[in-house]
């Protein structure tokens, strides 16, 4: 009897990582960073929140900035295929004694607020208010010309546990790193639903914490340009790592920190992963090119710092931290 | 009671358009065009055939050139999710009295050879021999640095009929053009399975005929470069249309003709369409920007010429041809 | 006895084409085009004039828009090496009975207003008020990210005569087209002082008239982007020709028309011409690739239309117009 | 009485930095690096030498690799405007008791072999065998698509002395760094003849030694691509610094080391400097953005290592080395 494949027959259908809500301490300062510098479009704004999206996005928001006393992360948002999937999701989480509620969320349809086994807050929903695509309103392009949200990347204290949890939900492995030796341990995993390298990734570290939100640009030159802009308009210190080329995912990347320290990855040039026989790529932790194909070391902050989820205390990781080896 | 949605619950799961087999009259001449000029990678070759793929592709082939007395098209290839899907497909086509056979096809697993209601030959399969990804073998990049096959575009005598047939198989509409007036008629449709604008498109015209094979590049500059290469290495007459920007799909495009007249579109910069509430875009046939955002007319050949499928006589279209209006 | 080489020993030292003053009928409308759309920087503006420059320019202005009842051209501006060169220039023009005066010109030092033998108004000067370079103020980059003025291109009724006049002033030939046959006639010439393909070019046609002002961008993608912007923000009809690649000069180009019909070429990727033994390139008028390497025809307007110089009646050309052959 | 300005009235007219001759220990290994990887064109080759040039160059060679027991530098090559300039140069150097000889140099016309006051070997000539421009032979573009040599950069023990020597020859200052305080000392100078930021640059350090040869590419993406190529084809260790953006010169850069350790800079996007009133830019040594606008530190090797000139012992610098401060 064939085993159920959760990729094609999941308990509920997750379409993609769709948004994130970040707590920020000074909305005006954050607006200067995300809108005036990075060039994201404003869908709506109030005294308490700023709703942002990229030029091709029709979902009302992909990054929500919420005025907050702490620089925390409120929720990771995933779009489901239908309202029926949302009901199936609510049952699934309830059966596992994970929290479930349906708070009113502005601009979204029915939204299930729940959490994974590590306490990571998740907002699942099927319908969001639709905004006009600005893809062909080229005169509105600014800054890095960000097209859309691409993925969410988290520290987790237990990569194997995180992988098991999300694989059961139909997330599919595309690349992974693991320790060498006779009993290899997963160190980091890249998991996808929408057909490119990832919607969600996990790296070994004190967690759960958000490592970064990945946003996609059409051209490498959009990323080079935003380097030039940030370096000459007061955001030099916000440039944390890159530009560079990851071995893993083949992404051309730049990591920047927002005024509250939340990390954003500007990213392009990964690849299609929809084929069921697409085999995941294994990277040894001792291969320096997994991090940067070009050999640049990442700063310690990139390995160590992340954003806390509201009210969730991180746990120390199962695996001891690896020495950071510049190569 | 909810209606079955074939996008999420199709009779069998088509993953994507994956390859095409083209009959060519002089393999050496075709090799010069596809390999030496366009830069596609050779997976295998014999006296009778040349198996080509793009730099990120792991499927053994996405374009097969077969030595032939006629410049015809042997089959459009689609990848299914599993062998079980292949069995479901065989039953589905047989129930509709469409031809079904399982010929041996080199480098592919079990392959169902069938046809749609217009006689378009289709090869459906689930597993293909895997080749190494060359995505990070940058020294092997040549010509247009083509990354992968993207889509197949056909003339059909009955766009509504083609739409109905493929929608039933779970292909989803992303953009369409139709005649204006009280009783609009579909003129062209873009249909997807893999999550971008299209795997398969149909335009009103004498058919079935293949209009073009679309291949994807990472950068607009790859397309500009291949224009420069073709124009200065004996392929000027093979440049049919572009470079330009389509209104439909937002694609940056170049159409070229191979030595047998088969049309290839080099293409980049469309967008993600995986959201179930992603509404299709309607274009009026009288909107000149649907063809080229920048206002360049296409040559008559582009509207009129296509490749015949082996042994399939095309029929005249239901709708009268529209006057080609330069704008 | 060696002949004096005017390139290295000119009667006075012209450094480069530096600016142009265009008469426009509606400054607000022109500002929307040049500043909001193309992205040029505003140095100064008044009710009567708008002073524009590119991001790397330190000269106060390279394009001056002057409120005018007619869409005319006031003067072509050239920078000389020194005040002594300016005195030598005044004597040189006076000796040839060409007009000379020294009007006050805002933001410029001493300025010689004169004309060539066809009546083309010329402003020669050595010093202009310097503005801050914005090259590393990347946050100020807009539109096509124009870096600097590159060249001025004119219709002339007598290409041989224009060539002789400017060659005597030390302008050096880099490329030219001529009629075929036993007695070839110059059809167009590209002349340089600053070391790339041209500061000044002349084409056979009713003249003197300004054909276009060429401005330089760093990347082909800047030009592709402005195509997308213009096509989707009300300037589609202002896109006259391109984007494309000239055979002559190897330029990647786009020709646009401002609201008064003045033609601007956005341009990049020519080459260095400083070597004294750099031989000029000859193009036959019957070689279609001289116009566009990629084979696109130019519209009739591009061959026929130009801007009048204030108060200067154009003369019919010596050579009969060539048939415009699409290729 | 006006002082002679050597920029416009030099003792002899240097057109530009035109070539360099490098001693290499294994021509085959060097060929793999320069031709197969970087993509330079081969003009001629023998058992003893390889003559290379970029795609737009008509001079027969811009980089000459000479089989050698030592990885040394034979000469820096500068093009003069005429044979008369060459005679004036010979007299000028002889009057200063600097060595002068006219050896036969393959593919070059009469060549003056001399040296500056530090012993840096210089080859001055006016005419070189011309090769066909490959600028519009796009099918021949490979690797980084290098267009031309741009500049030569040297360590000198006495920056003020080097500046004085070359300024007297008409080299013009465009940018410089100096120590802070009441009695600032020149630390590094960028000097030009051909109209962009430099033909020749000097930095304080044990010298004379060649720091690097700068070659120019048309696009930032050419440099990103060669990073990807080198990192994945066995040349990772040859990537020394970058890609990045210099504050000084605004160059987008990548520094690579050839198999003998000679340093090559791939470089694009500086600016025009022909205006006589173009003021040089001063950088404080304490401004970290002079080195990299984006804040990346350079490795110690970049500050310390250089290529020796054949038979010339370097001297220690006048100014004490500055601490290398990562920023």
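We just call them A, B, C and D in the order they show up, numbering each chain from 1.
The definition used in the following text is that a contact is a pair of C-beta atoms (placed from the backbone, for glycine too) under 8 Å apart; a residue touches a chain by one contact, two chains touch by 3 or more.
Predicted model, so just to flag it, every value in this text is computed and none were measured.
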item: Pair joined by the larger number of C-beta contacts - A-B, A-D; value: A-B
item: Chain located farthest away, centre of chain D as origin (C-alpha); value: B
item: Chain A-chain B separation of Cα centroids, rounded to whole Å; value: 32
item: Interchain centroid distance [CA atoms averaged], chain B/chain D, Å; value: 49
item: Centre distance in Å when chain A and chain D are each reduced to the mean of their C-alpha atoms; value: 44
item: In chain C, residues with contacts to at least two other chains; value: 136, 219-221, 228, 231-232, 293
item: Touch list for chain D against partner chain B, complex; value: 37, 136-139, 141, 219, 221, 225, 228-229, 231-233
item: Chain B contact footprint on chain A (complex, rising order); value: 2, 8, 13, 15-16, 56, 58-59, 79, 81-82, 84, 126-128, 130, 133, 135-136, 147-148, 194-195, 218-220, 247, 250, 268-269, 271-272, 274-279, 293
item: Of all residues in chain A, those that touch chain D in their complex; value: 220-221, 224, 227-228, 231-232, 236, 239, 243, 245, 252, 289, 293-296
